[in-house]
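The letters A, B and C name the chains in turn, as written, and every chain counts its residues from 1.
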Amino acid sequence: MSQPQPFITVRSLSYCYLRGTPLETPALRDLSLDVTQGEIVGLMGPTGCGKSTLLQHLCGLIHPQAGHVWINGVDLADPSTDLRLIRRRVGLVFQSPEAQLFERYVGDDVAFGPRNLGLDRPIVRQRVKDSLEAVGLDFAVFKDRLTLTLSGGEKRRVALAGILAMEPEALLLDEPTAGLDPRGREDLLNILRQWQTERHLSMVISSHNMDDLAYLADRIYVLYKGQNAFDGTARAVFAQPMRLQELGLEAPAMTALLATLADSGLPVPRQALSVNEAADAIESLWRAHGRI
Amino acid sequence: MSTLIQLRDVSFAYTFHSGPSAPVLQNITLAIQRGEYLAILGRNGSGKSTLARLLNGLLKPSAGQIVVDGLDTSHPVNLRDIRQRVGLVFQRPDNQLIASTVEEDVAFGPENLGIARDEMEKRVHSALTAVGMWEHRQRPPHMLSAGQKQRVAIAGILSMQPLCVVMDEATSMLDPAGRREVLHIMQELNRGGTTVVAITHHMAEAVHADRIVVLDHGTLALEGPPRQVFAQPDQLRAMGLDLPPFAALAQELHRRQAAFPAGLLTLSEIVDAARHLALERVT
Amino acid sequence: MDEFEFFGNLSLGQYLPGTSIIHKLDARVKLAGATLLLVALVISTSLAATLFAMIILLCLTRLASVPLRNTVRSLRPIWPFIILMVVFQLLAFPGSPADNCYTLWQWETVRLTNCSLHLAVLSLLRLVDLVLLINLLSLTTSLNEIIHGVEHLLRPLGRLGLPAHELALIVGLSLQFVPLLAEEAERLMKAQAARGADFGRGRWGLVQRIRRMLPLLIPLFVNSLERSEDLAVAMESRCYLGSRGRTHWVQLQGRPRDYVVLFLLIVFSVILIVAPLP
């Protein structure tokens, strides 16, 4: 069985904002990362660690200043690479994407991306239909709704549909659940999970929300001040609450609880990624002690 | 404890040229007690922010009455006094800061109240110290992090010496570290006797409240202490909300093992109960 | 990607922080004094006085530790106009023999007289002086100080109905929000670029370029409106009810040296105005 090929490869990436001016700020330092086809990679780190800058590189908005970024074999550091082609293959959903809606009607806004790709009208229409359905909005009902009259949650879905309509091969999401209420968050996480399963979309998700990443991510990279701090499978990363705390991050709730139990001398695994896992672990503990 | 803010059968709908909107709030009756820490939960669109703006007279109820410390919010002459007593901190840090330095911004409220300069200095000092931003008093706001900006916004309210601070989703745009800082300040303030009203859809923030009120489609759906409110997960989910993670775990454990106590909310409570159940000797 | 980075280079005013005596002068003195000098320079017809003013201003610029480089750089974009103006005045205002003007040089109907020479040199010196003055002011006085200074100066006019406080507030807020809106615009450009919009480098005609900016305008506009509303709500919540009854945190205190400087500036302005020719 062949190894799945990395879809995105980043090696020794460095980037400074306002380079050459007195206000020069390094954002990324010698960063490396891999994303294989169809996997979901999480990015974690305190504010200012470079997550957003990294995401902007991965979709071709920024040229690397040093190091390499390969998207499916194409090197973004090569000055002859047309970044606009990369932007079509990798979609970036910014934080609060609903703030970027600008067309009068929902259908037109979702069609903005496909139209920029130069597609024919029937194809554009089909894509708009498919992507609205994919975010759980009825095409017939929503295509002629005024964007300004949508609720916050609906706007966010429309914004997502707008990116999906470009049929990217990979999706980058910057704080996708920020500002959503619990139901909105649950719905979105389920949509993303579904897209990964059904469309084999590779995803890179940057989030402050540990529970989001615990639910979605296969692997996680923890960044600190523009550099790799550590990485591993989601499970492995969340099993190291001390390291996370040193970097100013919190351990996920269930992990913190089990770690406390384990520290008090009880034989429980030191981490769990979900409430059910934690409950399982505690139940096993009780069974082991003959309590139940 | 006496009542600081009394809402009597309050309803609210926006009025447009084309007529009133659908009602945003309906028949809300609520008594906010002096010194309490009240959490108002609700999904996006439940009317929480509208309720916040009614509490300090930014909006007037379409029906019903709101009385703040004996002052009716529908009389314009009362507004300045009401807003000095009930301060509002909003969601977006950038859009609350007015002046070009931190200390000037914190002085904005007292300036509006006509406070004399030396008294203003004392207030600015104590407000900034209470939020831990005194060392940054000369800095321009745009150079601060989001969490720091929110702390300055809180100081701007504290310098008016309010009786009550209402936080309208004030932590939703902050990262976990910023959120922790702000919550800590809120708890400190409440310990010092200030009434705190925390409006949020972040369940974990409500665990430390004295009382929780849940809004659903503009009406008061649930009310009670946290243990009581979070003992109704199905109802909460139906309203688009959820349980805080530890409460969810505690419920799951109780569901699986009746011997595990019901209604636990915090990490330490759960750890203690789990240990107890594992280790207790049957004699 | 430089495509998006120009917004970061936005700098407002040319304030260079420093500790010179000029930096420390009361903003009101600097503003009032500069205005007086400005008027005097424009009115003055004395070459000697204007030249003297230039020397004084150069000394003050050195005193303020402001590198002359900045001043020279600010003159660079307008050199062509200066030259044009000088040539124009040399040749277009010969004056008449009744004013003691005699011809120095002539070609066809165009005459260069001692009067036009005087005028041209005076205009040149005057322009240099004005640039030096404005540079000196803006490099030693922060925007914040300028706004407060203007507000304090105009406050007495409040009784005549001039909304000094409101104007200062509007200017201050606008200046504060320009960088925020620039950031927002940058974010929007990137978001639209991520959806295939092309903000490419000027290969397109003006109409095309404008059309490509349209997806930015509406969200930017909505964003500004949102911010304004949030700000208004925040201000009202902090008991803002207009300028009546407000006290002030920022209090400008005149020190003896401020009064001395103001006196000197007034004297010098008067000299400038009444000094006789040349």
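One rule holds for everything that comes next: a residue touches a chain if its C-beta (ideal position, glycine included) is under 8 Å from a C-beta of that chain, and two chains touch if they have at least 3 such contacts.
Just so you know, these numbers come straight off a predicted model, no measurement behind them.
In terms of which chains touch, the assembly is arranged so that all chains touch all other chains.
Pairs A-B and A-C differ in how many C-beta pairs touch across them, and the larger number is found at A-B. The chain with its Cα centre farthest from the Cα centre of chain A is C. If you average the CA atoms of chain B and of chain C, the two centres end up 45 Å from each other. Chain A and chain B have centres, each the mean of its CA atoms, that are 30 Å apart.
Our note on geometry: chain A versus chain C, Cα centroid distance of 47 Å, whole angstroms.
Residues 1, 4-5, 8-9, 187-188, 190-198, 214-219, 222-223 of chain C are the ones that touch chain A when the two sit in their complex.
Per the touch definition, chain B reaches chain C in the complex via residues 53, 56, 58, 80, 83-84, 87-88, 90, 92, 94-96, 98-101, 103-104, 107-117, 120, 124, 141-142, 153, 156-157, 160.
Only residues 46-47, 151-153, 178-184, 186, 208, 211, 248-250, 253-254, 256-257, 260-261, 264, 266, 275-276, 278-279, 282-283, 285-286, 289, 291-292 of chain A touch chain B when the two sit together in their complex. Taken together, the chain B residues at the contact with chain A in this complex read 43-45, 145-146, 172-173, 175-178, 201, 203-204, 237, 240-242, 245-246, 248-249, 252-253, 256-257, 259, 267-268, 270-271, 274-275, 277-280.
Of all residues in chain A, those touching chain C in their complex are 17-18, 21, 23, 56, 59, 61-63, 83-84, 87-88, 91-92, 94, 97, 99-102, 112-113, 116-117, 162-163, 166.
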